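Lettered A, B, C and D in written order, each chain numbered from 1.
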Amino acid sequence: MADIATIVRDVADEMAALTDRGEVATYIPPLAHVDPRQFGLCIVTADGAVHMAGEAEEPFSIQSVSKVFALTQALGKVGDTLWRRVGREPSGTPFNSIVQLEREQGIPRNPFINAGALVVSDVNLAGHEPRVAIGELLRFIRYLAEDDTILIDEIVARAEQETGFRNIALANYMKAFGNLTHSPPLTLGVYFHQCAIAMSCRQLAMAGRYLMLGGLHSPGGPRVVSAQRARRINALMLTCGHYDASGDFAFRVGLPGKSGVGGGILAIAPGRASIAVWSPGLNENGNSKLGTAALERIAEATGWSVFSQAEQGLSRPASS
Amino acid sequence: MADIATIVRDVADEMAALTDRGEVATYIPPLAHVDPRQFGLCIVTADGAVHMAGEAEEPFSIQSVSKVFALTQALGKVGDTLWRRVGREPSGTPFNSIVQLEREQGIPRNPFINAGALVVSDVNLAGHEPRVAIGELLRFIRYLAEDDTILIDEIVARAEQETGFRNIALANYMKAFGNLTHSPPLTLGVYFHQCAIAMSCRQLAMAGRYLMLGGLHSPGGPRVVSAQRARRINALMLTCGHYDASGDFAFRVGLPGKSGVGGGILAIAPGRASIAVWSPGLNENGNSKLGTAALERIAEATGWSVFSQAEQGLSRPASS
Amino acid sequence: MADIATIVRDVADEMAALTDRGEVATYIPPLAHVDPRQFGLCIVTADGAVHMAGEAEEPFSIQSVSKVFALTQALGKVGDTLWRRVGREPSGTPFNSIVQLEREQGIPRNPFINAGALVVSDVNLAGHEPRVAIGELLRFIRYLAEDDTILIDEIVARAEQETGFRNIALANYMKAFGNLTHSPPLTLGVYFHQCAIAMSCRQLAMAGRYLMLGGLHSPGGPRVVSAQRARRINALMLTCGHYDASGDFAFRVGLPGKSGVGGGILAIAPGRASIAVWSPGLNENGNSKLGTAALERIAEATGWSVFSQAEQGLSRPASS
Amino acid sequence: MADIATIVRDVADEMAALTDRGEVATYIPPLAHVDPRQFGLCIVTADGAVHMAGEAEEPFSIQSVSKVFALTQALGKVGDTLWRRVGREPSGTPFNSIVQLEREQGIPRNPFINAGALVVSDVNLAGHEPRVAIGELLRFIRYLAEDDTILIDEIVARAEQETGFRNIALANYMKAFGNLTHSPPLTLGVYFHQCAIAMSCRQLAMAGRYLMLGGLHSPGGPRVVSAQRARRINALMLTCGHYDASGDFAFRVGLPGKSGVGGGILAIAPGRASIAVWSPGLNENGNSKLGTAALERIAEATGWSVFSQAEQGLSRPASS
């Protein structure tokens, strides 16, 4: 196997040459104005090395990637009782579908579709003001990334609030089934702000290390979650992290991953790497087009797919 | 980590002590008469060692586990063109749902729900008589398992045919959308016979080795499929192998797996083991209750979850 | 045929003897406290005669019966262009289903399910304050009923607002599809107040006369809507007026009708009678249990079903 | 009102001038070859007068119009117990949808969608050979129409059988839920032959007289069904007779009607007329385009809509 630095550079070069970059999300105005020619990549390996290419230090709206950190926060608060209010199955429907909620009595299929993430926000709200819950999440992400400059983009947050009619519908619909504890506007306030967190690829890859390291903050660092919980969050990312294209992502890339409509994807190679990639153009499923292509190339070049023969995969880096 | 032999024995002992064993499938008479107290387990590791416990040599009806081998056979015939006729996404609905087919114009969501497996049977039929296609599949499985005694249970096959109204509906429904090439009764003939193959845990774990070994028949043996294809079949098993409980199985066990209503499950720890477990009682999702529990225990004891830190997982055996 | 006065008295007596009166709606507190033993009936015939029995002068919350008057108001404002935003087909789903909206891109199936009634409210709002639109509707109903004492029950209106999460979800969901012109809270304000109008059976039967009289306010009175529009509103009441029990109501009663969860039903025998019945207990479909039974008896006794041989039906009164 | 003879002639002339005649059904070859320029109309009034225009004596495939006669036959055999196996509600989905069956456990929504008609065929089969049941239905229709020349088009019947995969799917699906008594091929045999009955407009309008005459075979003739049953069949035709365009047909035409993909429609003006119209071109809902337009014109010209003021409607003919 080529070394990681070479792979990172090669993949970034390859992506720079592509012209069909998908469509930038337009559903909220601030996202629509992002330059689609950007591409960033950062890989943090298990030994702590950081490899970057492209616009890896440019902050972007992490959107649904935030659901991974919010889920971790909620599991910390209520543990496995969370699963009484949200399922763990792929949905078989788009990220913002309301049909499944009617069929299943207000219990969202998993914490990574919007309805499930709203339940997670409701758990994180825990009777406080929205700004308390969102402040807590922001501090958690800063701690994971070891970077206090991470901020919420208030322009994006406001735009989400003004145009998020489907999310308002989802929240009220679950409230009707008794699956929101707080008033919908409060829960939605947390959710809209969480989606508006801005991070660079470097910050995101750093923040994802605990999922690569069996729950540890950093190599040899303190424990953030148990090894079992890290495994389970990875499992949810693999089966549900790309909405109704999760099966295809597992098939092509073979890594737990979570995408956002801002064009970012966080992918985890357990025991090996935390990878963040960003390119604003989306494919027909709402996932970053170049981001997905880059991850497919990286998985191929490194043998990091969780479905590879593990020993072979590991022996390769040793021999490189 | 305890050695595999000890884990196999301990898990079998633990399962023997459980009294709530789920419900035996009753939808076809021959399955309903199987003694629910049986439990079998076989683990074949990457070095070729075979560990068994319980009724590991007792043949049972593999039912939907056969879909893994039939899919491999179909990919060998038509390659990736298969994916024009069947998807790769979890379905979000029960194994025999017809709703999704109407919404998606006769294209089944994945090759492991019944509708998708019928398309696979239609590919494998390839213009021949049903007995040709089923003979070919049987020979393929015998070759994988290195065991020529594997047979089709004709009583089960006939019972499937006589009571399989839902499958007949699915086949005709897809035919109406033009997604079956052959006459429905012919395609169904292949499918019903494939489900009626009887295998023991030992035979099944042996037959699954190519998925653990990156596509090789056996340690150092000839190639059955490419490494990429082995990875991709594993990915499909993880995201879609347990119908509408696939997410939960990934969450709890963390291994690619395929279950059948006969109570068998084939699970793969890539690079490490091919595991077959059997117990006829099913849980509410139609998957073996004790089989699932046993696999959860095995994954925990071995650290084989694909979502574990790989190095840690591997280092453990070394340190035990 | 017995004369109408006798029929009204007999049916009221018969209903008084029934003990299984269904369940009073509990979804908003003020409705839950209504005494279920009440029953009111009023028939206004084409010659202007008014026949009453039971609590026919007791005001109740008309709830969804208001949708008939709001639809008439909206058609007056925008005519047949309304049908670009709402369909005319029975829904095949409960009154508050959101599933159909997702499948059909935010266009409700008909103006009598909640989503459709919200579009109607949005049309009636017409850029004004909610209180303007609701005031206009109230004046229209008072004019139809020739009764200026008809009021909105503000306690009910407030309770609707506080607990109407499903309706808030429906409104926001349609807004996401661009099928609401105004801000959802404004449209919902109109809708919640319209549902909270309180009327007696006498007032309701009087208000419904224009649908019996081919569009005339009263026998020999001014025209409210064209004869064609009156026919068409009757058609919609017959096919869609009882949610997912509309077919059964047509089968049993054979009259255009619109029910509300307050226990009221307005039924029209074109050319013959406007009938209002009220009893708070509901059947499993959310329609007044005794109200439905009473209308079935009335249709039988009078031969007023629109599916009867018309001449025979008419000749009967002459011979009585 | 103009007299009926004039209306019939005028409407036929008007239709002859139209050029957009919709698309002829192509799903079975024999239907695809019918000349789309044909139009036939026959009105039989309550006094027994027969008015015809266009190709009113040309036989066509009645297809789903046969469901009215088969339903009448089944109600004669098992009475209201039929309603345990089939509903009475509009479906809100296309005529051949299978989705509703899954949601509602194999109970079709009404006897006029294909699934419901298959249950009706199963009732009519009653343990006999398919040819006995279909012979009985044919004799019943000949008796109603007073015409022994009515035949089954065997070419159409065979084509239905060879291409009816969706209907085969529906039958097997209901069998899986236990809602077919006979083997699916037998039930389907009855159904396919019933759809292949060929009748002219004159024969069809004659056969429909019992629904106009409160259950009598002909003016002053013997009773075929009770007045209540005639009313109820009319109610089902109005709410469910045009599949997912039933609401629109009620809105525009206002008469109970049943359409078939052969381009025929039987419409009933209770107490006044039995109307058959035929033109092979279909609209987007699968109902005859010119047939629907002609009925809308007839209802307008005669005032026969069941939603009209009845007395006014009746007084008109007297004054003409």
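Definition applied: a contact is a pair of C-beta atoms (placed from the backbone, for glycine too) under 8 Å apart; a residue touches a chain by one contact, two chains touch by 3 or more.
Since we're looking at a predicted model, the values are computed, not measured.
Student: Which chains, if any, touch chain B and chain C both?
Tutor: A, D
Student: Find the geometric centre of each of chain A and chain B from their Cα atoms only, then give the gap between the two centres in Å, rounded to an integer.
Tutor: Computed value for the inter-centroid distance: 31 Å.
Student: As a quick test, compute the distance in whole Å between the mean CA positions of chain B and chain D.
Tutor: Chain centroid spacing, chain B to chain D, equals 49 Å.
Student: So how far apart, in whole Å, are chain A and chain D when each is placed at the average of its C-alpha atoms?
Tutor: 56
Student: When you check chain B against every other chain, which residues touch at least two of them?
Tutor: none
Student: For this structure, give each pair of chains that are touching.
Tutor: A-B, A-C, B-D, C-D
Student: Give every residue of chain D touching chain B within the complex, in rising order.
Tutor: Its residues touching chain B are 97-99, 101-103, 165-166, 168-173, 175-176, 184.
Student: Please give the residue numbers of chain B that touch chain A in the complex, ascending.
Tutor: Touching chain A: residues 46, 87-93, 100, 109-110, 212-214, 227, 230-232, 234-236, 238-240, 244-248, 250-251, 254, 256, 270-272, 305-314 of chain B.
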